[in-house]
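The following blocks contain the structures, represented as structure tokens.
Below, chain A partners chain B and then partners chain C, in two separate complexes.
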Partner chain A sequence: MSGRPSLVGRVAREEWRALARNRVAVVAGLILAVLLAGSALLCVEQRNAIEASRERHQASSDRQFDLQPDRHPHRMVHYGQFVFRPLSTLAFFDRGVDSFTGHTVFLEGHRQNSANFSEARQSSLLLRFGELTPAFVLQTLAPLLVIFLAYGAVASERERGTLRLLAAQGLGASDMLAGKLLAHGGAAGLILAPAALALLIAALLGWAPPGPAVLLLVIYGLYLAIWAVMAVLVSSLARRSRDALILLVSIWMVLVVLIPRTLPEAAARLRTQTLTRIETDIAIHADLNKIGDSHDPDDPYFSAFKAKILAQYGVRRVEDLPVQWAGLVGMEGERLTSQLFDRYAREAFAREQAQNRFVRGFGAVSPVIALRQASMSLAGTDIESHQDFLDQVERYRYAFVQSLNRMQVEQIPNQGAGEDPRIAAANWKRVPSFAYVAPDVLRLAGGRIAANLAVLIVWLVALLALCAPVARRLREDAR
Partner chain B sequence: MNRFRYELRLLLRSRVAAAALTLLLVLSAVAVGAGLSASARQTALIDRVATAQARDFAAATTQYGKPDGEAGYAAYYTFHLTSDRPSSLAFAAMGQRDIQPYVLRVRLLGLQAQLYETETVNPELALPGPFDFAFVLIYLAPLAVIVLMHDLVSGEREAGRLRLLSALPVTPGQLWLRRAGVRLMLVLLALLGPFLVGALVAKAPIWGVAILSLVAILYVAFWAGLGLMVGAWGRRSAFNAATLVGCWIVLVLLVPALANAALSRAIPVGRGVDLTLAQREAVHHAWDVPREAVMAPFVAKHPEWKDKARVGGGFHWKWYYAMHEMGDDGVAGQVAAYRASLAARQAWTERLGWLSPAAAAQSLVHRVADSDLQAHLAYQDNVTAFHRHLQDFYYPYLFSERPFTRKDFARAPVYAPRGSSSSTPVVPLLALLVLSLSAWAGGVVGARRTVS
Partner chain C sequence: MALEAVGLEQNYGTQRVLRGLTFSVRAGEIYALLGGNGAGKSTTLNLFLGLARPTAGSARVCDVEVGSDPAAARARIAYVPENVALYEHLTARENIDYLLTLARADTAGALIEEALDAVGLVREAWDRRLGGYSKGMRQKVAIALAIARRVPVLLLDEPTAGLDPRATADFHRLLETARIRGVATLMVTHDLLGAAEVADRIGFLAEGRIEAELIAEGTERFDVRALHQRYLQAGAAA
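Showing the complex of A and B:
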């Protein structure tokens, strides 16, 4: 499509002037701007409140741990440790699955507890209408504004008969189409402005990571551009502007409301069912019993373990060991359980991912799906970030339990420890506390972000490629 | 009657109207089908877990059900399964059943450390919400109404027939009311037809089906009334469509999302975490105080074990389980406060029905289908009661120091499913009734004015 810049610019300027004169459009635009800015401010405040409360809980739980009195280390293994998932800074922009995943995990020996107290489980069903975040406004409402501004772009010219008039005055169809696209692309950019401002301020203040913040802007820009081009194209093809509006709103309904809702149901039905926690617990328990029973003196696995330890310390009987035998058995048991936890968690996550891949595959059908994925990934609130947290938690749990077990091995006498052996409370301060390392989302989810970005670009390019035949249609119509 | 048939034929001749109705019918049928299959999947999953649990229970029986078995070990290593089957109406409104666990195993240890466990949930699939009849009703049915109603009057004007119609010898407004009525009826037919079939398949109780249908009728009627009101205004069709879609965005998307943000800020529920932290302190503190400090309050609560509750300085199962029960009792106040904050969120959600008919319909259908937060709390209550049965079952063995044998495993209490907690909340129903009556009042006034 070759357009003459001066004419294209004039068409765009005219379209802008018309939009500015359209009072309903201006009011709708202002309302959306207020919603965006308001939701950004509210969500920053909300995110900080959530984060502060999790930090407070973490600090008080850590302090309580350090304050425990003299005890047997195994008591502390079951006293356990609470960890709280810190919330990424960009969670203010897109809450992602954070409200649906628990953020509190209780860690103890030889058990893997679930992450509990998710917001969704503690809210009324109101939460399921969606959370008012900038992402919600941009994903769901902004396309409607784009549609509302652009549905009449070409169709109303046709209705008024000005299409022919303009052609007679020498304005080519491609120039006009390019001008309209420029105008509505610009309008989409303006719609994005409050969100852009929020993201840039957050990045410039060093509060949010700059790379993901900028990429968020890019994907939402692409997304709104897709809607702007789609709206102008439909407007060019529709006979009446009313038809264009109905068709565009229907497309929005299907892409934004219907498809994202129906796919999970299909995924849950088509894909393998995930194992429940209960089944996993039972399976792990059975597997452990298969490996061996540490209480059985004739058990092959633990006999071999005993022989190894005795050889290592160069003694003939466990009673002669310089370290506590029960503690060593405990450490070995923890090692075995932990391996099983890891294996089952990996399998469960793989099954979950198989379901999600099915849904994500439909990004090609609805750009909303690709956008949502990329947005959550960039905000660090997607399922992979949550899994990364759970992995860190499990690694920490193992280190935490084994450090206590080691204290038992080294400090509790192997023989004649008495009825209630305890070690000094000062030891608890030496147990490491949980230090969450926020993942670099670009490294953690780089591939997925790139794939979703590619889907959005392909959508935009494909729609732009449609402009040439549409311009031809317009030219024929104007004759 | 003839006139109605004529109106019907006229309406269905419009391709857009016929397409919208067909689409609604298909989506409603698909949603009902999806709901029935999701419901069946949940039931199947409960059965699957029950099978696995039976194996685990049998293994525990073999391992700990020796002739001289100790009840302390048996109670420590034996889990007992509880489950919450979907109600027969859950197929229509899955509510929170996709995120709340409906299988939970408990043992004799402190309940508060077990009650809030999470089951496997794929959060990414749960995020958009379930595709069920409630979704079609709340989100999609209004859009079908908008498609059918937005050009009720303006369509005639734009086709040049309006003057002709006003010259007809009918009472002012009657024509528009009749037309709106026909449209409302068709939407309800397309919407409720599949639902009623689904209710038959699921053998849902008549009362629940009636209430759910009433909610659907009131909710769709609200939108039809609004459509009539806007349609009678005398603007162009495109303007009417835009106005009605705007109302839909505000009432279905915006108000609920805003209200949720306000509610989660106004009523925080961090007490759930606080109470588990407190429960842990209570239980573990017991290890560091004289045995008497645990046993005295326990005996005060259970005088029947007064003579058998004496324990020495070392470890004893009597003391161990007493300590766990006292740990739960110690946080009873916090549990009540936590539950109150959840109930407050639910109550405010119901009041919100006055602002958004979508929110009113949502809380109504899920309350009737017994699949909302309140339903889950009812399940938790039942698990709590079951946990008391476990105490009643194990304590005689523990305190009388009777051996716990293979036969005794078979005597263990089995979880009995809770009765339905389904109810019809008055506030949202009243809100829906008032809102839909006012919409129709506005519509009727508008329709009268149009002709005169």
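Showing the complex of A and C:
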């Protein structure tokens, strides 16, 4: 660009005036603004309602656990505990995978249950098209508005014959193109404004973390700028406005609809098959059998474990132990099964990660993929944030079960406990409740966010780099 | 000399559009360039506007070599295309203001009003959007732009095409006004009668060069019958 700011600015100003005087464009812009502001308000309300409901259920579940009567601790291990995943504050902006992953986990001994009650399972198939969140509006609908506003930016000058008139006034093609880019970049900024306002208010009120909120604005700004530049470039190359519109809508369908929806399917098919829940249970059971059977007196693993415990307490028979032997075996069994659960969970997560990496690799093909990944990461609603929740839950589950097992070891007599040994109900209040620590998304997903941000920047820079040859072509067209 | 073409040649691939075109237009003179389709009229305008570079020869505007300084040359030219292309969503006043800004010319409101007044556009239409204008009214806005730019050279591409007789007569009066102000006008046209009425000289363009040039003489100015004959000969040669 040759850089005559006043001329570039004047071209941009006239383009804005043209947009402002286009009634259809104004109405379309207002509808999107209302949709964006409305979705932000509704989603804040919805997010708060969901969060309050989960808090209420968590408190109720904790209270019921605490109110259990005198019982054998192992019965409490199987009575279990429910934990509910709190929603991140920025989930109002982008619900991410939260609707699909489930938010409730039932914790018990010897089992690692997955999260249940996803909204996708309880809602209609329409949910899979996309919830009306600000993220959905900006990812899917806003590019259409950008296209609608910009498809005729240059093509209509060519159709009208004003391209030649502008050249005759001495306006360089690069200045004209820069003016159009500035105008439609600004229009994209205006489209983003309601969402920006919602995010900034949330950050300023201390309700949402400011870093991720600002970064969300940056990535959505880049995304809409990509569409604005793409639309102006296509408009510059097309002979007629109509051709530009058809081509841009086709590009939108491929980048926004087709690729993001077909790639996860392709990833699932191309990558190794994930084990089903039943297959995983069978595999864990087989591995447990390989470790040993605590009821078999000749089992080498548990024979060694028994010898170690007897030596530790300086006794010769389990009956002479000052603590309950069955409880100790239960604790060791829990330790072994938890190790297996962890291993299987890590392997399953690694498979999911590989699939995600496969999909992310296509961020170079469609900026929507990079945007969605970064948006979910920043909102704390991506699969990694969910995995972080599951990790915290599993650590808690292990501590929870082992604390009950320890009560059995320490409070149930090793000998002569009777047919129905119990410990006092007051013990249940000593078991700590689950306290979820929301992860710092910039720490948890900093690398991924940076990579996706880089993809968006590369897209924008690559498109801007095309402006020079397109300006040369415009110069030819002005003849 | 306000406009000067010296040995201009222009090739597009194997097609030779101009083959040594030479002519000139003085300040205060109206030069009509007549020729059939494909004779090279629009190419000639493009070369003066610096929108194309000649294969050989030179085009000069007020002694500025267009090839070496197209911006300076364009700053001295006002151009009115065949199909007046202006912005429908803008008013006459806004159109002129915008295009004057792009031409880095004076955009004073009084100057614009004076130009609109000079072309006889009714005052009520000045602040109306061009969407509802007739072709003649648009033509007037384009000429007003040319006047407001206060440049020494006016290039007109088929200026009276599609105008009714009254609008054509109005337009010719505007050209007379420009001539009095010392503006050099080059108009490429098919309109023999129009050229005969206002031009000081008429050049017949055929096969990329001036085949013949006639100069206005006496009160009759041109012999229209002879002009027609010349035009047909030039067309046959093209």
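To be clear about the criterion, the second predicted complex is superposed on the first by the 479 of 479 C-alpha atoms of A that agree within 3 Å, B and C clash if a C-alpha of one lies under 4 Å from a C-alpha of the other, contacts with A are read in each partner's own complex, and residues count from 1 in each chain.
Assume a residue touches a chain if its C-beta (ideal position, glycine included) is under 8 Å from a C-beta of that chain, and two chains touch if they have at least 3 such contacts.
On a predicted model such as this, the values are computed, not experimentally measured, just so you know.
Within the superposed three-chain model, A:G380 lies out of touch with both chain B and chain C [touch as defined at top].
Looking at the shared chain after the overlay, A:G292 reaches neither chain B nor chain C.
In the superposition on chain A, A:G161 makes contact with chain C only, while chain B stays out of contact range. Once the two complexes are laid over each other on the shared chain, residue contacts for A:L171 go to chain C alone; chain B is not touched. Touch counts on chain A: comparing chain C and chain B, the chain ahead is B. In the superposition on chain A, A:A18 makes contact with chain C only, while chain B stays out of contact range.
Of the two partner chains, chain B is the only one touched by A:V359; chain C is not. In the superposed model, A:Q46 makes contact with chain B only, not with chain C. Partner chain B is touched in their complex by these residues of chain A: 24, 28, 35, 39, 42, 46, 49, 53, 57, 60-61, 64, 68-69, 71, 75, 78-80, 82, 96-97, 100-102, 104, 106, 113-132, 136, 140-141, 144, 148, 241-242, 245-246, 249, 253, 257-258, 260-265, 267-269, 273-283, 285-286, 289, 348, 352, 355-356, 359, 382-383, 386, 419-420.
For chain A in complex with chain C, the residues that touch the partner chain are 6-7, 10-11, 14, 17-18, 21-22, 160-162, 164-171, 478-479. On the chain B side of its complex with chain A, the touching residues are 16, 27, 30, 34, 37-38, 41, 45, 48-49, 52-53, 55-56, 59, 81, 95-96, 99-100, 103-105, 113, 116-131, 135, 139-140, 143, 147, 236-238, 241-242, 245-246, 249, 252-254, 256-261, 263-265, 268-270, 272-273, 276-277, 280-281, 284, 287-288, 313-314, 342, 345-346, 348-349, 352, 358-359, 362-363, 366, 372-373, 376. Touching chain A in their complex are the following residues of chain C: 46, 49, 51-52, 71, 74-75, 77, 79, 81, 83, 85-90, 94, 98-99, 101-104, 129.
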